[in-house]
């Protein structure tokens, strides 16, 4: 048992740092991570970063080596995540690389793997996730979007909602109902890949608190999808989606991001003009409490990763990461607002009055947006209440 | 001890309640908030006609002669409607300074306009370095001839864009954070040397950054004693805290009740989500937080009506602490239990949440008022 | 709306204070209240206090005037409760005066009222409550103690548990099952008054954390109870018991007791030798938080009392008083232990090694006992989880 | 990075686990705790035979050569069994001072006895006025001839009644709370001038108040440098904190698992109470608290094994904070969910709760270690 890096790991860390310095220079860094505003179209700097990743073979480290992954040890993954987060490197959209890809390499046909994996690995194609439906929320299995077979196509009709990045996505992976007469609601669901350019797809923005447009509703009217785009077997989509949800839970912990934000908050409190926060035992205590909980969660994640290395996919324990990770992110965001004092009030957002630029200290508006939009963290991707149900059932045996 | 309202108070409450129900539904509110001015001049006229703008002022000054309980009843209803009209800055702050410390001439000059709705006011006190300390001032007023010259910078002045009359705190003597040497001035918002940067706030109010450059004031601009402004600020702001706290209580009532209704109708996993015990208990907690805040609202109002002093200030700080905590809990959980819908700009829930979050900051957050409570 | 006392109320307050000074002098005061150790046999000073109360007609202020109550306004009750709690006056056992008596004056026959109420009012007879049964906990309606009619007696067989003060009680009011064939479990239950001296009753102590013996289990074997001791109608006991449970919830808030204990804790923190706690912003903050919550709860109680004055019995809102009241008491007890530092460890209790007297500052052992035994406050009398169910159903309409 | 145990560590863990399961059931534990001595001499002999008493000591000194991870594994199992035998005071405190700062002669003189089980130890550091500050000392050691004379009072000395060897902190120079001037002495518990008042603690340990009146010490009683005791105390106590924290983690595991089992079987309102979602989620919270505490336990152990310094001290304080919070939550809720049964002396639950509560106090509570964490 030890936490230190061995020589090889230390060499790897240096390698990563050099790579970052070369391809993601200091300028224009901004904390990424799961809850930052998802990317619209990319900047030149971002595109360069992705190109460099692909060239180096580091664009999809988590994938199996056969499909272009790196085969890193958990420690290497940990080093990679920490270093890139600290440097605020761009984060590839999770939908393709972290959520869909595992389904394709586990259950996709060879042809599908050949067609869909390379563009994701090379960050050339953006995906979105067509799971939630109006009125369904966390209860995915109640979905009603229908896909009816017509020759070598499915004809899809229905509506999806809370579809992040749908407005910039090239493709959507989508759960649809292919059989309406099953006993259990989880049966009769299929997993389809849909080209967003297909006729019959409409995307409407949903404005969320603190967001500047990342979420959408999507309607599908007589959308024709080639049968070749069905993953695995018809009516077995629920199985594939379930495996995927576990992956979603690990990605969402965002510990390194929280560490970066907490670090900035501590710095801000220390640099405050009259030092009121730096000398405020009560405020400092809150920072210390968050820091300790983050340390604990980081260790919990490392323990989970160590288990993964031995046994494969992360178990239901990963729900802890989701619950605690989102709680901590929300608390840090709240503390940021506290630290801002009256400059937590201004919101010169183009949604309201027209944007003349920031008011108050640097980043105040971003902090506010993050605090507001951050409330979604404990709701989306399976609310924290649902996560607790999962732990109660799968870990405690209820 | 007596917890009942007088007939006048009940009538006032009913009148505001009717207005909110009939003329201030959420869609109407959103339209009003989206206006350039950030509020409706027509509504303001209605407030004047209904006598609400005169509630706290003495009958001799043309007011209604009401006390803290009256303000509380009015503000609680405003909170239910998420009213954006600037009642607090104009009537309770600008008007409040006149009421508490204004000379007969000053009252005569300004109160009529406030009461009839023709004058808007604001209190410019915050400074970027000062956090929640009213005495932490770099803005100065220097004696110049018969009057004063103001120089400095004021941050986040709520209702700054619309205000005709500014009450400005400035240092006339002492060090940057001394309790002595703080003075208050009545300033015409269009005076030379004043420039503004206007913007909306998270909770859809309007505010300004105000730069003061050699603003010339005559001697009669001083309100209260020279250098003795701090106790006046405490008294006036505590009255305003009661009002925004009461707004918060009104908002919490809407949130917990709307959440209960939503959970009774919204189905998931084949049943209304309100069947889940965890959500039920969460709503019970929301209900209890609301009740506790309401209890301290009554306490603060009654203590203020007994006469201003440490007891009243302590009750106000206790109330503000409770409002901060309860408001955060109720607001966050209303969003959480509404799921994705609670996050949307189109539903009312998120807007109440935003208002509650901002009320916690306004005039000092939980930590600030806990410390103040302990020091009184 | 005002919080002040009018002249009559102020005169009453003076009256009460003089009465207390006369009959409960400073010496040997100890905070009473619902969670203190319940009285065993009384001291001379206590007996004197009860006698004085009876002589003055103040022994059962909450009762209807017709039965010996005082007819006070809510404000007078509030003054009485505050003054007696601050002076740490003995508190009459709640079982007779506050829990049983309302049942008797509401549903008892004239003969029962004449027989049972005066000894309670005069504090001559002690009662205990035979509700809970082994294995039943908060689920009262599942009770299995049987009462079978035999001439003009019931023959009772069964067992009760968590029976506070059974070992010093003269009588027990008891829920028994008189009909086993009903549709709903709440039907078929009767309300019996049982003389604890009856043959067939055995009382066994149950030792609880921090307690020195107040709780018991009671077995009933062929206990003969005259039919004259049945309250109201046979099989309708549940109705009577339910009304009584509401009364239990108001009694249990213990706000004035918490105020006294918080006051002592503040004093202790201020007097601490090296002043560490007095200057500790974090500890002071916790005290301030509790003080504010107590203020709020006191106002909530006053509001409830005002409602009672208008409409009669306190509604389900009174569950707030139980939940918040017990939480606050527990928090104050925890803070007392925090304040004690290492002197929160010694427990020279006669249950363990033999009692040589206290170690550490005055009252340290009592603080520990209170902290431990205080955990029961959120369990007994309907756990706080049950109270929340009640509010969810009765107030929120679930 | 590596989270796996070595073969020796796994063997040690298995051996303690077996002992707890076979020989230290709750009833046996209660019998042992009720003994006059407060623990079983026979068990202590077994500990010695199994080599546990030598775990942290160098092989050269007759020990096992183990590190913090080994102590952690052992203590975690002790916590599952609520072991009352004085491992921490004897092996980790008295033994720890010898290991960290003892001279070759001192080690030679005492370590054999500690390792073979014939010597019991205790660390007398707390004083009534000192709260959690190791440097706050009114006990003094004055130079007297070749040696020292001790005078003072020590509070709540765990294992005081059984200890043969006391390590006593005393001031040899400086003011009452100076960080310099704290010295440590090895003192024979039967020395003239030492008197004790013995008593049990809430968690069934044995402790003493110790009065020191002109206790004469020879020069070789000093351990470490004169006046340089504080850093030694920090290092030794941080090792002991890891152990009691690991005990807490073991206790939490028992509590959350027993509570889950209880809720699955206990029926109320016609169904197992574990069907109630509110209770399920509470148990999930208990589980998460346990996992978080366990994570920081690993971290603290690994940091200590990297060598003592600020990083290690910081990890230990973080762990102690987490243990305090998690322990309180898990302990209180285990009692709550067991209902009345959780309150009884006859069930194990309440005893774990008591132990967890006391562990929070021992060596400084949550507030103390939060402050220490922030200062490192």
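What to note about this one:
We just call them A, B, C and D in the order they show up, numbering each chain from 1.
In the analysis below, a residue touches a chain if its C-beta (ideal position, glycine included) is under 8 Å from a C-beta of that chain, and two chains touch if they have at least 3 such contacts.
Keep in mind it's a predicted model, so treat the numbers as computed, not measured.
A centroid comparison over C-alpha atoms places A as the chain most distant from subunit C. In summary, the interface at C-D recurs among the listed pairs A-D, B-C or A-B; the equivalent pair, sharing over half of its contacts by residue number, is A-B. Distance between subunit B and subunit D, defined via averaged C-alpha coordinates, is recorded as 53 Å.
We define each chain's centre as the mean of its Cα atoms; on that basis subunit B and subunit C are separated by 43 Å. Rounded to a whole number, the gap between the C-alpha centres of subunit A and subunit B is 39 angstrom. Contact with two or more other chains is made by residues 280-282, 285, 385, 388 of subunit C. Of all residues in subunit D, those that touch two or more other chains are 276-278, 281, 367, 370-371.
The residues of subunit D lying in touch with subunit A in their complex are 1-6, 9, 69, 260, 264, 274-275, 277, 280-281, 283-285, 287-288, 291-293, 295-296, 298-299, 301-303, 305-306, 315, 318, 321-322, 367, 370-371, 373-374. Those residues of subunit D that touch subunit B in the shared complex are 276-278, 281.
Per the touch definition, subunit C reaches subunit A in the complex via residues 280-282, 285. In the complex of the two chains, the subunit C residues touching subunit B come out as 1-5, 9, 74-75, 78, 281, 284-285, 287-289, 291-293, 295-300, 302-303, 306, 317, 320, 323-324, 385, 388-389, 391-392, 395-398. Taken together, the subunit B residues at the contact with subunit A in this complex read 34, 36, 126, 128-133, 136, 155-156, 158, 177, 197-205, 207, 209, 267-270, 276, 278-279, 328, 332, 335-336, 339-340, 342-346, 350, 353-354, 357-358, 361-362, 365, 367, 370-371.
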